[in-house]
Each structure stands twice: as structure tokens, then as C-alpha cells.
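Structures are listed in the sections that come next.
Here come two complexes built around chain A, the first alongside chain B, the second alongside chain C.
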Partner chain A sequence: MQIEQSQRNGVAVLTPTGRVNMVSAPKVKAAVDEAVAAGTPRVVIDLAQVEFIDSSGLGALVGGLKSARQADGDLRIAAAGDQVVTVLSLTNLDRILRPYASVEDAIDGW
Partner chain B sequence: MAGDVYSLEGFAVPSGIEELHLLLDHAGSDHPEVDPSDLMLFETAVVEIANNVVEHARPEGEVRWRFALHVRPGELEATLSDSGTPYLGDIGTAMPDELAERGRGMPLAHAILDEFHYSRVDSANHWRMVRRGSTGPAS
Partner chain C sequence: MTSTTSELEEQDRIAALEELELVDTPPEERFDRVVRLAQHLFGVPYAALNLVGDDRHYTKAAGSDLFGGAASSLPRSHSLCALTVQDDHTLEITDLRADAAFADHPLTGGSDVRYYAGAPLRAPGGQRIGSLCLIDVEPRDALDEREQTLLRDLANWLERELAIGADLEQGAELQRRLLPRTIPDLPGWEIAGRCVQAGAVGGDFYDWQLIRGTAQVQVVLADVMGKGIRAALIAAGVRAILRGASPHNSLEASITRVADDMQDDLGESASFVTLFAARFDPRDGALEYVDAGHGLAFLVGPDRGERLAGDGLPLGAVPGVTWTPVGGQVHPGEALVLVSDGFLDVHGDTGTVLEVVRSALATSEDAESLAATLAGSAVGSLTSDDVTVVVALRGEPAAQSR
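Right, the complex of A and B next:
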């Protein structure tokens, strides 16, 4: 899996591509940890290019959220597709990972 | 039409999960009458069970599995049989706390499926998954 990284207004934006599954989920978590360690604990994960997520991927998002919060930041998700939104809802994770419509919406007012 | 069957055999390893995705994509292409949302959710449940088999596969890399998907009017059914050691977990386990990083696979599959069975027969694990819904008119 490829994960693009960029910064906008002091927020780290991570853009993974493909499926976030048991193989790629650790890479997503590592990318969040890297951003936090580099001094940008406010992280947006742009899910526009993610076609599928499994429970390992959900675990990576939760792990990333905890890493970011421990550094006084936060993690937000943006542009999630239908599968991701449905899975977040079925697992009740939409309570702590509210899907933002776009990266701009996630960053706006942060 | 009685429905189509799609099957594969191989090792219960991470690359086998990719093969399952491709097989389900193939089935979806062949059956435009199946609601894409139903197929997407069914794929999610199948992959969670397959992940579980891969994670618990002992000896690692040597467990074989056989998967079959039946596409019928109004119903998707999958069976997965693996040669691994018996599954000792609880397939009815509840959704974990929101901040947990593990343990959502089985409850997520449960939330998606209308029928979900596990059995241990002839030194193999057998998983059966069914989702009914808007997959075309039932006959």
C-alpha cells in the first residue's frame, strides 16, 4: 500500500490507497505515529482512495486516534466511501471517528 | 436459475485474502442484479472470517482452505473450510469498547450476516455465512 503524506495548515494529511486490511493496517498506524512523532499530532486520514477497510484497519484508525490524542492532537477521517461509512456505523466507531465529507471540512476550523 | 457457484482453494495466508476479494469482485461483475451494498457488506463479513482463519492458522502458512460462494436470487451464501486447529473463540462475542484496537471482526460479521455458523467436522473448521436482502427477487 502506498500512503501519500502532506501538510496543510499544520495538519498532517495521510492518503492511503487501496484496501486497509490485515496487511496494510500496520502501515497506516505507523504513518500516523510518524506524523505525531514529527510534531504534527493533528492528523487527517483522507480515505477517498480507500475502497475497503476491515477490522484490522479500524483498529489502526483507533490506535492512530489514541496516539494523536496522547500528544494533545486528534485524528479525523475524511471522504470515506460507502463501505467504510457502513463499517464505522456497524462497529459504533462513528461515535469517536466522525466521517468528514472532505479533507477541507476536516481541517476547517481546527 | 438455481444460482452460480464461485470457488477457490489455497493456503490460509494473507495473499489468499486478496484472492477472495477478487473472486467476490468477479461474482459481482457477473451478477449486476445483486445489490452492490449487499455484496460489499457480504465481502466484509467473508473477509473478517477469513482474516480470523489466517490469524489462527497453525502451523502458520500450512493451513489449507476451500471457499465457495453461492449467488442465488435473494441470497448470498459462502462456505469456508480450513484444515487448521479448532477455533476456540466465541463467534457470538460482543462488539468491544470503542477504544479497543482488536476484537471487532466476529461481531462485525455477525452484524452483517443473517446466518452464521461454525462447526468442527472431520478435523476441519467449517464456516457458513448467509446474507439475504435485495439481491434480486427470491424464487
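Right, the complex of A and C next:
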């Protein structure tokens, strides 16, 4: 899996592509940890290119959220597709991982 | 037998081999690919993974059919691999017919084998239970140091595969042991559960218990994120704490207790647990439940079909969360049905799952057949997840007074 990384206004933006599952989830978590360790504990994960996420993928998002919060930052998700939104809502994880419509919305006012 | 190993060691070796449960099982790609690779890398016409039992060796994987294809056996007296397992080092015979030590071996005159190299394979406990062997019909030069290392690397790879299989089997057994073995006898109610394990070890489990001191019955379905032994161990922890806490605590306090006690384990592994837990009073059907991010619990009956949704977070997602029970009522003829998320993979969305549950209830005679029908609807190629179902069915008044 490719994970593009960029920085906007001091926020790390990670853009994974494809399916976030048991195989690729650890890479997403590692990318968040890396951004946090590099001094940008505010992280946005742009999910526009993610077509599917399984429970391991959710684990990576929650794990990333924990890492970011431990460093006094936060993790936000943006541009999630239908499947991702459905799974987040079913698990009630949308309470802590509120889906933002776009990366701009997620960064706005942070 | 000219064995240099003692009888006890041999017994231990055979026990270790049996524990792997691989003898007389069909070929598996995870072994085949290593053997094919060995055959190709060394340019021999035959390579095999042989498991050495007490009276024969069993060919678990073979790169060709030249000397015993996959799933064939050879008497131990004829097996060179049976000699390989006597020592920790690679056994190499560069020309069988020219080697005085093997002048009387059945293969020397009775086969086309000229060259043999076998690297012993160890079970997780260290016992040498088989060999990765290379065979040629022509004599060959002895393996150089680089080739020796390469053969050992491939053998180590096979050892890992052998061990992973054993791991998975133990994990699956662990997971099975988490399930309740008895069904409580509840007048007017039937309870049934199913857990059909997928190939890998999962973190699903279900449970039920009578809550001492109250008339209530608690049913639970939980799913630990991830797979493997780690998930199964976390599931075991969740189950044990919940079983222990429930008789002395309210539903919400019990779940909070599980979340608190498991916080370190879950935090360390960046894992979480989705869980649906309900308590009902069998006398009047009064129900309370907590949905901790599970989302797939249904109350269905002839006149009703609803998903029991709550807004609780999964356990371990973030610290300091609380869970608030929701109330409800199970009427006669209705069933509380909990299913695992494998159903979502198969049926697409919660609305469809609800319809599947409702129509299964309409065609089922009892809780057992309802659970079996539901499990059957989800098991298959569409999900790689475990398929777990719990049913608590409240009988019609007529049935209750019987």
C-alpha cells in the first residue's frame, strides 16, 4: 500500500490508497506514529482513495488516534466513502472519529 | 534399528509429530512452494518434505513425482530421511552407489537414487520430525558452504510453517474452549449458540450465564479486533472478567470493569473489542442491553423486527468511556438474536441482515434450528471471518404452560 504524506498548516495529511485490512493496517498505524514522532501530532487521514476498511483498519485508526492524543494532538478522518462511514457508524466509532467531508474541512479551525 | 537416539527421545519425537497433525493430510501450498523453490534453486529433479513416523515417512510435499509424490509413504527401512532425523546436521550422500556406508541400503540397488541431501526439520519443541530432501539420479558434488546455508534457510522456513500450523490449531482450540458447554434450563425459553471458525484463529466468542441473586440471564457476543493467538487471548480475558464481574455488578458496571481491567492489554496492542451484552428476566421478558460498538443485535418476532442499536463505543477504543444500558421487552414468540460481523460481509448491510434473521425465525421450529439456519446463511466464501450466532427465543404462552 502507498501512503502519501504531506503537511498543511502544521497538520500531517496521510493519504492511503486501496484497502485498509489486516495486511495494510499496520502501515497506516506506523505512518501515523511516524508523523506524531516527527512532531506533528495533529494528523488527518484522507480516506478518499480507500475503498474498503475492515476491523483491523478500524484498529489502525483508533490506535493512531490514541498515539496522537498521547502527544496532545488528535487524529481526524476526511472524505470517507460509504463503506467506511457505515462501519464507523455501526461500531459507534464515529463518536470519536467524526468523518469530515474533506481534508480542508478537517484542517479548518484546527 | 541402528538409531543413535534413545527410545524416550524417539517417543517424544513421534508425539511431537503427531501433535502437528500433518501426517496423511493433503498437500498444502504453504509447504509446496518452499519445496518447489528448493527443487528449482538446487536444480535437482526431486525435492520433498518428508515427515518421519515410527514405521514410514510421509511425503507432505514433493516438487515432482519422481520418488514418491505428495501424500505418498515410504517404509522407514527404505527412507534416507529417517537417517537424516537422527542428527542435527544435513545428511549428504554425493553418490549412494559409491558410498560404502550405504552398500546394503535398500535404495542403493533398488532405486535410481544417486545423490541425496536432507536437512532435518524440527517441531516447535525441537524434536527432529522430518526432512527437506533433495534427490538426483546422477551423482553430484557436495554442497558448498553457500548451498548448505541456503538449504538450511529453506528448512528453517518450513519449520516456521510447521510451527504456525501448530499455533493456529492451539489458538482454535483455545477459542473453542471459550464457548459455553451447557445450556441453562429456562422454562419458556430456549437458548442456542453457534461459532463456526474460519481458517485462522479469530477473536469471536459468545457466552451466557445465570446471574445469581436475580432471576436474570446474561447473553454476550464479543469480537476482538484482529486474529491469531493474541486476539484469542484477549477474548479469553474479556470473557473471564465479564463472567466474574457480572454476578456482583450491574450490566454497565460489569462492562466498565472489563474495559478498565483490559485497558493495558488493549492499549498495548492497539486493539479493541466490540461487544453486545444483554440481560433479560425470563419470567416477564424484561430486557436491558449495552451495545459497545457491536451493532448486530436484533429483536425479531411475528410482528416485530428491529435492530437494537446503542451509542456505546467499543471497549479499549478510548479511555474513560461509560456505557448506558437501554431497556426493552421480549414478548412471547420473539427472539433476541446476536450475530457477528461476518454477516455484514455476506449480506451487505444491517437492513438485509435483519430481514435474513426475520425470515429465518419464521421458518425455524426452535432456537437450535434458528441458530443453525443463520450460521448456514453466512458460512462460505463471502466472509473470511468467524461466523457466530446467539439466539434467545421466548416461547409462545401455550408452549410455556406445557
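Definition applied: the second predicted complex is superposed on the first by the 110 of 110 C-alpha atoms of A that agree within 3 Å, B and C clash if a C-alpha of one lies under 4 Å from a C-alpha of the other, contacts with A are read in each partner's own complex, and residues count from 1 in each chain.
Keep in mind that, in the parts below, contacts are C-beta pairs under 8 Å (C-beta built on N, C-alpha and C of every residue); 3 or more make two chains touch, one makes a residue touch a chain.
Computed from a predicted model, the values in this text were never measured in an experiment.
Once both complexes are superposed on chain A, the partners chain B and chain C clash. Of the two partners, chain B and chain C, it is B that touches more residues of chain A. Contacts of A:Val84 after superposition: neither chain B nor chain C is touched.
Legend: residue contacts after superposition of the two complexes on their common chain; A:Val23 is shown touching chain B, with no touch to chain C. Touch criterion met: A:Asn92 reaches chain B and chain C at once. When the two complexes are overlaid on their common chain A, residue A:Val62 makes contact with chain B and with chain C alike. In the superposition on chain A, no contact is made by A:Ile45 with either chain B or chain C. Taking the listed stretches 1-9, 145-153 or 379-387 of chain C in turn, the superposition on chain A shows a clash with chain B for 379-387 alone. Overlap of the chain B and chain C interfaces on chain A comprises residues 22, 55-56, 58-60, 62-63, 66, 86, 90-93, 95-96. The part of chain C that touches chain A in the complex is made up of residues 223, 225-227, 267, 270-272, 274, 291-296, 310-314, 317-318, 341, 344, 349-350. Those residues of chain A whose C-beta lies close enough to touch chain B in the complex are 19, 21-23, 52, 54-56, 58-60, 62-63, 66, 82-83, 86-87, 90-93, 95-96.
The touching residues of chain B, when paired with chain A in their complex, are 14, 17, 21, 37, 40-41, 43-44, 47-48, 51, 54-55, 95, 98-105, 107-108, 111-112. Residues of chain A that touch chain C in their complex: 22, 29, 55-56, 58-60, 62-63, 65-66, 69, 86, 90-93, 95-96.
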